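Before I ask anything, let me first share the structure, which is written out below as structure tokens.
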């Protein structure tokens, strides 16, 4: 099994029950999550040694974050305590034709407000196989763009493979800001999660005009790889949003000049889609550490993402065996 | 924005959770609603000045009704307190092939038992643009048929446009009783919600034998308008009941000798369909007050009705901007 | 109306809420059920006099079982109290593509550990029309196979019709053990629930190679009847598992050399499928006692099974009138 | 064990959670109960054969009542189905200094609206030891006063002992009405629950001017017995209401010219006091049937009443052994 | 009835259930409240015309605040929408010896971050009898100290009586900062809630060395009034904290050179003490507007405060009649 | 900080809500706990390195146990997976005079059924300061008595201090069996939790006939120490059970020939008393590792035990700082 570090912000999510709007709510369900924390949990579920580096306030909410991660066996010795607050957001669940609705209240969090790298990076990266970070972290501030570059360079120097998930959030930064940052970071990256929209909007790759998902994705992956030959694996999901309750999910991957894709998962109904992309990334990184074939990797990762949609909360709750059983046994039967 | 008065009964609904039958229930969810109260709330959400006239008992349940309406900004100065009880009903939620099941316990309510008009009608209708009432009120009793006619005539005299929603309830009166009343009230009406079944069963318009929804509805609307040329707008929804969990909804309208219809909304799953028709009527009245095109009006109203199906309770919980966003952005995506 | 005895184990089920895995659960919903107990409840709902014979521990859980059965009017004078424990199992609800997951903890239960028949059989079978038992009981132990044979022979001698539901559970015994037992018991059976898999795997009837559900089922039913001419009615359900949330259900029956089948029920969404097969068997036995036509019997039984899927818990919660209304009025409309 | 008939109204109670007022409630807990139904359940718990006679509507709520009674083994063959509605009331739980608040909505119920005795009284009273009825039934209407007298006379003639619980409800009738009825019914009564307030306010016995609970109660009991020498046992509880959350309870009894009283139960906190008096009456009747000493009877009955305060709902949930263990082992220890 | 304006911050409170710590919580209950908003609600409950001026974000949480206030009939036309966020705090309920625990996350709220007065003050104060504000508002920032002084002077000029509740929060400012501000604002104040600790710590009145609550409070009130003869009424509560579950509450008042005090309320158990002091202030202001005697005023206000402790949330949920009934009928009886 | 190993069984607890009896329950709350697991969690909360050794089934319930322990930072590398089942018990919460009621269903658990020591004891005890075990483990079986002796001797040899909590369970073994085992194990023990009942009933020390808690406890502690001079610290709690809702708790300790006792904690109301004794033992061991004075140790430990009673579940949820704040700041105030 491998050793992995992920670094990023972790937030407190307040969710309404299906069919209740935020102004009506008399209670909120609570979940803790964030892109990199979710990937950490997936990898810990699969048996890897995982450290999550972040910063949370020194109060009961910070304590909750620590316990949440420990529960899954994620190592929290690099989870710092301090600063002003835990970032939060409110999620009004969507249903059917009605989309979910999000209110962010994350500004000024202990993590976002960091002015310098407060971790002992030497100790953090010691013996680590993969360092994973997402585009949400540099999106937080100009300062974090610089810090993220520093930390990636440090990780690279320490011998880590660099995993980067573009994870573009239009509420946090503009395509121009994101695009500029990508040109700075992608030269250090080994594994990159980026889709066709990222390619077009952030990397300014001309739109594909042909037909066929395979052809289209191959076009974008090739164009991206041409620009960043250092990246050995590209991957992303194709999500068809039938409604807030029903989605179809296909995973695609580009590795060693070949295109791979998974079967299509019909997710009906969706229990909670937050963290689905992180479960996908976690599945890909696991398969790479596990030296699975690319073909198995993309199927495993997409199955993991589909499973995540069937449970509440940001966290993947399935171990390797459970994902594989799901992959091989198909739909909905009870064995008694 | 306009000024509107709606008048009718408001009841307490006891609902079971999905998958629990009434004889098993250990608790009931509570909602307050009634056709005209629901329309009042929709219009208040859209920024109109709305008064709701009714009568409730002078106890905690009557107080609950008042607070429920105030919450949405509906003016309750014409909500009277007195009488014996609040009408109630029990709703066993349906699911899939199994239909919902209703037990009414509404007889003898403070509103239904009124013997005379206890509101100050002069003050009630002062400066009001639209007076809205539904067929449920005259269905309550012979006495209420007379009172409803009186009040509509009074409203008309005060310069209000009269909005009437047929809202036929077979458990309250016979088609003959309803048909007779309709011939008395419709001559005063300006805006009328009536569908093909109402036309056939209550107004005895011969059944349409052709094909095509547009052609069919045009036939009925024309026939009704021929009889009541005073009515400037007819509207209704076409609901296809796939199951208790899935419905399809199309809104249609007849105005200025033209037929208008909305896109089809696939409502899957239905959270709570009670109040869907009232949200539709509220949307139509808003659009008329707002002087929208009929084409926009029918789309707005049907979108409002579809949205109502996605929340618990009788009340539309969406403001004008939210309905319009839903209308223009389509299905199920989160913006992050 | 008839008089029926059913005999078997009744267990305590712990269920998670949809979207929550067992290791996450902070609470479990509780239901009591077992194949023969569920059939007893169905028949009591339909107005028959039903006794359920079993054994439960002399503690609050045994008391809960008694009250559960009494609630539906099942006679518990032959429910024995004693032994060590109530058998239990944990059900992690499935959703969409993800199947449900079961953890059994039933070994050593008061019923399973019985060493001899502790009921007064003479009194138990006095005046009884049908004695119903399922294959789960002999699956419990070698000892229970002998006891089950004894009790069936005794019932037969007392003049009962014998109803047997194969109900094969691969977690309890092997196909060989089951097959051997079937050859011993089937000669005493009058009504038998057995499907195509039972025919192939347990009775070693060669696989059907043709097409067509009707043809296939006829083939298996005929083959089984040839072997056991004493069995006057065979029946089973064809379940198409689209996902853990959506199933299609068709009931089939073989009686007096004719094949009967019900309409197809699209169960979407499934609330709780546990007990669906027992509701089906209960519907068949009711129709037989009621001397319905076979054609009506299979429709009634399948409707009863479909309805069971719309409520939580193992128990059918519908009376005869409600099943018939469901059968004749179709899908999802509220009458108001 | 004995055979007992109780007869009266059973209602649906809607309760708020502690700390939530009725106008705020978003859900209500549901309980079914009524004085005579609660006594029936207590006696069934203690192993007696008990029939409950009443009338409920032929809908899901009536069905719920039947299942509720069956659950405890109460025989419902004399529970009639028909009429308009089930009587209901809303209970806003009190806490600390704040008293509970009740809204009655019981007028016009199937039971209260009965115009004649619809039970087969011969069959009802066949072999019955005790017929129990309370003052709530004659309080319902002038008509019911006549019917109650008729039925008591009939029961007497059939050889039943008559048990009567005054149970005065000031919201239903005046002291004068009640007093007049008492003079008519008490000549038939054998066992009577009546306290010092009943003696003073309804029977116009002059107030006691001395001190001492024992002396005071002896005075009233003697005065009542002088007037109605046919009554062999009088009993009542002395309740000290410290607050809505804390009460002290002492049971007293007068039998064979002797005064008996129980220990004092400190009930802190009260979970639900509704039905406490009925559990007390149930305990007394059980002890009389069981031929316990009066000294044991009053202790058993008061312990049963105290226990009732520790569970939600109107129903006593304890069997004879559990009440006796509670009586002899005292306070709050877990045996592990 | 009077017309009142209150102005201040309103926040979102997240509460855990009793017995659950913040790091364990899987959900939070939601309440909206703030000192001045709570006073506004109390006064609206008592029938006064009340406007609440504040600022909340233009999102679903701001909408929730508006609906919360409207529900009680508080006029929200001066509730501004804009700014970054709604202030929040997390309350871990205390129980028994364990105190409640609070985590504030209120910095940078739409209200706290206001840089200038954005209300139309002329319109706001038009015809207003009392303007009420608390010490929490100036505690928010240096800027708000200046704004609070401005607004109070403006209100004074417009003819309002000024009501000020010291409400000292040690987590927001130092005693020195508070003391300095008090010397600036108190010269404008008419009604002032200030207790013995406020007198000592903020106004630097020498400690009382004698005995007796009445004597002690008289000493402090006299000392304060000597310094600020413009203040016609001083009032405060004496709270004895037995535990987090049990408090005793006595209200005291100083008016026209006389000392008044209420009976002692034993609050056992406490349901939710947040807002108790605001219910007290609301009761005092109501009695002043109502021109009650001071003696009645202090009893009414303390009863209102005690009642508040029996319901969840910050808001007083009782009207004038209910407070008076509570005051006159005492403890814990149900009238049936 | 120290390094500690605890070893024992961990079980799944099903609890009813207050006011609901087991036969009524429709759901159970879930908690995982056991004496030694609870001590492990307390010590991990206080910052020690703690390993918990046990055995659980290789299914979702075993996984839940692992995650539960990991959540608090307890090291689970010596938690074995295998065997048949997780031991369970049902707890019907007591309230007021009514005691809690327990149904055990723990026989045949993976831990109880162990036939030999399956841990690598060398690795387990490497560098460990304290090995803690309780009397529940040897109570499981004759086999476990032998295994427990072996493991304690092994631990002793490895240089651990031995901590033993008598924790007598009358439902598992007789006083004779326990007494005999104690004479075998106590010669190896360094820290021992044993109270006056243990001394009398298990060690057959003659009853104390004098008065005074201090004198009585000193008598028993001295007598026990005389017999086992190897034990350096004895400790136990004096619990006064006012009712199931209110207890008083005093901790006492005997060390270096001196008697120490804590203040008395009035626990009112009790939220959940399960695990209170384990929190006490955890507090004592922490203080010993921390080299606190005995006087501080007994106060810290008793405060920790009192705090445990204020939260649901078996686990202490407080860290060292929180226990100390509770100890020094006393009762029930919110700091705002």
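A, B, C, D, E and F are the chain letters, set down in written order, and residue numbers restart from 1 in every chain.
In the analysis below, contacts are C-beta pairs under 8 Å (C-beta built on N, C-alpha and C of every residue); 3 or more make two chains touch, one makes a residue touch a chain.
Treat the numbers as computed from the prediction; the structure is a model and nothing was measured.
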item	value
Co-neighbours of chain E and chain D - touch as defined	B, F
Touching both chain B and chain D (chains)	C, E
Between chain A and its twin chain B, rotation from the CA superposition, multiple of 5 degrees	120
Euclidean distance of C-alpha centroids - chain A vs chain E, Å	46
Chain centre separation (chain A, chain D; CA means) in Å	63
Multi-partner residues of chain E (each touching 2 or more other chains)	21, 23-24, 26, 67, 101, 269
Chain contact topology (line, ring, star, complete or other)	other
Chains that touch, pairwise	A-B, A-C, A-E, A-F, B-C, B-D, B-E, C-D, C-F, D-E, D-F, E-F
Chain F to chain C touching residues, read off their complex	14, 21-30, 59-61, 63-64, 67, 84-86, 88, 90, 92, 101, 103, 105, 107-108
Chain B - residues contacting chain A, complex	265-272, 306-307, 309-312, 317, 326, 329-336
Complex interface listing, chain B residues touching chain E	67-68, 70-73
Touching residues (chain side chain D, partner chain E) in the complex	18-21, 23-24, 94-102, 169-171, 241-247, 269, 273
